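Look for subunit A in each of the two complexes below; its partner is subunit B in the first and subunit C in the second.
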Partner chain A sequence: MVVLDQLVNGLALGALYALIAAGVAVIFGVVGIVNFAHGELYMLGAYLFYLAHVTFGLPYIPGLVVTIAGMAAFGALIQLVVVRRIVHRPWQSQLVATLGLSILFLNFIAVAVGTDPRRAFTSLTRATLSVGSVSLSYQRVALIVVTLVAFAALHQYVRHSRMGKAMRAVSQNREACVTVGVDVQHVAMVTFAIAAALAGLAAALYAPLVTITPTMGQLLIIKAFVVVIIGGFGRLDATVAAALGLGVAESFVIQYVSATYVDVFAFIIMLGVLLARPHGLFDRRVGI
Partner chain B sequence: MRSKQWRAGAAGLVAALVAVVGAGCGSGTSGAASKGQPVKIGLNMNYSGPSGYEGQSVYKGAKLAFDEQNAKGGVNGHKLDAVLADNQCDPAVGLNAIRNLIDKNHVSVIIGSNCSSVTLAQMPIIQQNKVPMLAVEDSNTDITRNAGVGGNPWMFRLNLMDEAMATIFAKNVVAKEVKTLAVLAVETDYGQGVVDILKKIPGLKILSVDKYQLGQSDYRSILTRIKSEHPDGLFFVGDYPEGSQVLNQMHELGMSGIKVYTRGNVADPALFKQLDDPTSATGLKEANFWGVGLPDSRYLVKKYEARYHEPLTRPSAMGYFGAKTLIEAISHIKGDVTPTAIRDALEKVNFNLPGLGHVHFDAHHQNWYPLYVNEIQGTKVKLVETVPAKPLPGL
Partner chain C sequence: MSTALASPRAGRPTHVAVARRGAVMALVAVLIVWPLGAQSDYLAGVAITALVFMILALGLDLVVGRLGVLSFAHPAFFGIGAYTSALLAVHAHASFVVGFLAAIAVPTVVALIVAVPLFRLSLHAFAMGTLGFAQIAWVVSINWEQLTRGLLCLPGVPPVAVHIGPLDWTAVSLTDYYYVALGLATACFFIVRRLGRSRIGRTWTAIRDDDVLAAANGVPVLRYQMLALAVGAGMAGAAGAFFGAYSSLVCPTNLALPYSINLIIILFLGGRGTLIGPVIGAIIFTGLPEYLRVAQTWQLAIYGALIVLASMYLPEGIVTWATDRARALRMRRLARSAPR
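Our next item is the complex of A and B:
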């Protein structure tokens, strides 16, 4: 059943889009800047996973945990060293700073590690699950399942934890939070850590399925921005829904139209949303 | 005050116009090497970006040849000085790269660009500035169509072009084994060129044509659709990083019954490390303008592996052969080594290059030698057929 096959393909692709786009969305929502280096955070996560799982031989789960934790720490460091200094500057400075980080990370890896493609196989990569006409590796199953679990957990964290409430408050009214004594910079640092951790999770789930190269984040970040615009900048749950929807829609465009037009389709949808509902497809609620 | 501002604005505009026109005009000062001076050779490579592994390989091959020659004292007393410029396989970046080589570094000759789209964009600039360029990896037919007699006299190509390769491969191999084909090609001039050729092959029904972006990682949706069309074969145009992912995802989707043909650099020793199952590419056939298994290239395999501790690949071999071709041309120049002298020498080059074959450029500055058909058997790339390639009528 081709329809079921493409639905599964779309969910897998959408899960990857969601993990990357959610990081962009939550950073914009809470910190107020667009992180053009987010695709490179995913790429760095992939190389970190390679280092942990292949070079140091850690089993998959510990390798995944190390990748997430390492990227979370790196995200916090970026906020501390770079973002904190540019958050009150004009948007042009913010754009140049995050673009500069993107160029720095990509070229650092290209020079330090080289551009030869690498693979980080896991035991799940090579084993296939077949149900009817649908056939996919267990690694791809893990990508879909773990993504959904991760977002459910993140949703609970943002809704019910003290830090989650602080993140929502800052995304709704930063100045009021400063007035009442919320440590906005600390909240921003935690936000960056979470966003980078999501990129690390994406890397640890998807890198075993693909070749790892310094430019592997570049195509994904473009789609991430499309997803965030469709869902609504700064809206986490809407971003996840938009990502899954876009992944599925792209799969059906490929099936019934052509792969040549899949990017055209995505950008037409994005333009349509910008014209008709500039705040995104979902309600105009403020904040994440 | 307003009049002062107006004058300042006008002066600025004139200065900007002069700068733009000046930059657009060829400076015509690209490198001449007098007696004892080094010859500057531009290496116009896709050194970074999604195909960076290719440019780096060509660079290493070329450097090996130049360093070998310099160790012998250079060519007629001229050392060979390689200057790298990165075109990222992007035409816009490639224009800056070629300007860097010609205007800033004053090179006498260029090897590159390895990407047909970039070379096609750069050809007017080398013609304007009268600097010869030797392609060693780019395969789009238009490069030859627009070079030499009636075209750009400064452009040369060492490797075979797609119209010859894809036509011979499709007629002699693919059409004899399959009746229906799905095509998956990279979204570049190179990919489109091969697609156009395949569509003209009699007896071969093309069920669908899909394009992918360089660096793309997910092909499941495309392959799911292709699987539903039940083609006899899949023709993939591209190199091993993307090719390996297509093969992995075909394996994941249970598409092992579909024969795979490629035009690119998929059947490469580096492929197997990228495959989930290293033997899953068995039976893949590829048309290529060079094959790792050629008996008279063993000397180069040993030399390259000793220097770089990695296997010799097609791009690195072609970089070496390109450099050796330039060395041969320069060795026949009496007097100053100028871009014009190098171009004239390249037109007369006529020698046997071990590992590649005979090198002699025709009226369109295209070199001709046999096409190689490689097949993957287990985890080895084997040369299974050598087919003579010759100029196509009407070219």
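Our next item is the complex of A and C:
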């Protein structure tokens, strides 16, 4: 029943990818910029969680809430201070701006807090659930379940709430929204807050399973791009599905093919998708 | 009056042109002479790094500045060139010149091959495609240990040496390497300049502005795109061969993503599509972290903050901003001196 174990590992990894990639996708869909700093938002969330749970000793759930709220506020702050000024610039400047933010965040943490790896164990980290002959990590199960619940909630929000409809409208036709009086910058701020909150949730759920270092977000952002390309830039549901798929696929590749080349596998899939459907995946006609 | 305003070059008075020429010649003289007097090895090392980045930036600018697409693939070509010449030197005992030529040829061929599928993609997809290619190259360089020795790096790369006919010279000191780097950078500079002013350069601009229209006018767009990528790759390979000989070591980290990011920052903040943009960008962004060593611990964080600020307030790059300012000043002076 190693397969079940790998499946759970894969879904957990996929849940992580989904939370990060969804943030990138929704920012690209609504605000129109590619956020290269998103991996660092995850990293900041992990450190915030460490601060809340380990340094201040908050129990798991309050710590998780603090992380999400804190990251949401930070995301809104980034939009307010930096993104507003670069939205009207060419995409190259936007790229450099987010790259600069990524460098700033990473090195700020490296200096302010230090580069020693930290661990944020929770009550769930070591606890395992026995299914038949397999013991599954509770933390991973919680990660998968909470992620699915979060995405279901997000889906409902985007479909039915006023702000959700505004987000969809802006992602479909920005100029029309401005014309009818939608406060596009406000929508963008909320979008950033949601995306950062998702990254914070990912951090609070996944950080207990890994070591916390300043560079932990760097490979993730690249995987997030792969997922977004496979799923389709700006399309939330497809991104989540692609993320879970990639996570499971990678998990099986690690087990049965090669652990060293697993990252190459993701890129080969991405290149394959890009070559097979060079125009279709970037069609933003549908929006989020 | 209107013609003078319309064509800035024609409107520039003679004494300004002469002063410009003089300044350029003085700069060239300084570049050639200063290592002979300076005692500092450290400064020579920084200068060599800046020159290598300059070569890479000039090559990448062909794709990013002239063609207008974003490419992360450049460090991969640099690494391929470096490994090619290093492997030839270490295993086949080839001379530096042979290795150097191979280091230009191999990345060029690779670029031509990957260009065909990549240039079919749209803007964002192309960027991601080059990113994927670069990542694959990086992972392969780490894991194909029989060839590259992976993270243990490839040591023992012989120094730059030229043994053709009567010429028998080996680079020994840092100053020697500086001159080789300067020579390479100058050659690349003139290649890019020549291409930029030629029909090829104008065609690239046409493709950048509207590739569909260019194609409709009979331009074989893909061929020109392949040319830009291939020339850039060749230059990167040459820089790689030099770098391998200079550091006598070739590591997978030479292919890593931070190089891509640095190059992109150099181009976008130095000014892409221009000739001096990559040059000035390379100098500033190699020099800046060194200059910031004053604030030792925080230097990289400050560097990141500066990049964000520059992208917010100098979106087209420093060179373009400076030339815009200079042109605005000239216009104002011309307007003021116009007859009422």
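Heads up, the rule we're going with is that the second predicted complex is superposed on the first by the 279 of 288 C-alpha atoms of A that agree within 3 Å, B and C clash if a C-alpha of one lies under 4 Å from a C-alpha of the other, contacts with A are read in each partner's own complex, and residues count from 1 in each chain.
Note that in this section a residue touches a chain if its C-beta (ideal position, glycine included) is under 8 Å from a C-beta of that chain, and two chains touch if they have at least 3 such contacts.
For clarity, every value in this text was computed on a predicted model and none was experimentally measured.
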Quiz item: Once subunit A from each complex is brought into register, does subunit C clash with subunit B or fit beside it?
Solution: clash
Practice problem: Examine A:P117 and indicate which partner it touches, taking first as subunit B and second as subunit C; both and neither are also allowed. | Solution: first
Quiz item: Between subunit B (first) and subunit C (second), which does A:S137 come into contact with in this model arrangement: first, second, both, or neither?
Solution: first
Practice problem: Report for A:R85: first if it touches subunit B alone, second if subunit C alone, otherwise both or neither. | Solution: second
Practice problem: Name the contact category of A:T211: first (subunit B only), second (subunit C only), both, or neither. | Solution: first
Self-check item: Partner chain in contact with A:T260 - subunit B first, subunit C second, else both or neither
Solution: both
Quiz prompt | Which superposed partner A:N107 touches (first subunit B, second subunit C, both, neither) | solution = both
Quiz prompt | Colliding region between subunit B and subunit C, picked from 242-250, 296-304 or 332-340 after the shared-chain fit | solution = 242-250
Quiz item: For subunit A, what residues appear in both contact lists, the one with subunit B and the one with subunit C?
Solution: 107, 110, 218, 260, 263
Quiz item: If you look only at subunit A, which of its residues touch subunit C in the complex?
Solution: 34, 82, 85-86, 89-97, 99-108, 110-111, 218, 222, 225-226, 229, 233, 260-261, 263-264, 267-268, 270-271, 274-275, 278-279, 281-282
Exercise. Flag every residue of subunit B that touches subunit A in the complex, lowest number first.
Key: 48-50, 52-53, 56, 187, 208-213, 215-218, 220-222, 224-225, 228, 240-241, 244-245, 248, 252-254, 270, 273-274, 276-277
Quiz item: Which of the residues in subunit A come into contact with subunit B in the complex?
Solution: 2, 5-6, 9-10, 12-13, 16, 107, 110, 114-117, 119, 121, 125-126, 128, 130, 135-137, 140, 206, 209-211, 213-216, 218-219, 250-251, 254-255, 258-260, 263
Quiz prompt | Of all residues in subunit C, those that touch subunit A in their complex | solution = 70, 117, 120-125, 128-129, 131-133, 135-136, 139-140, 143, 257, 261, 264-265, 268-269, 272, 297-298, 300-301, 303-308, 310-313, 315-316
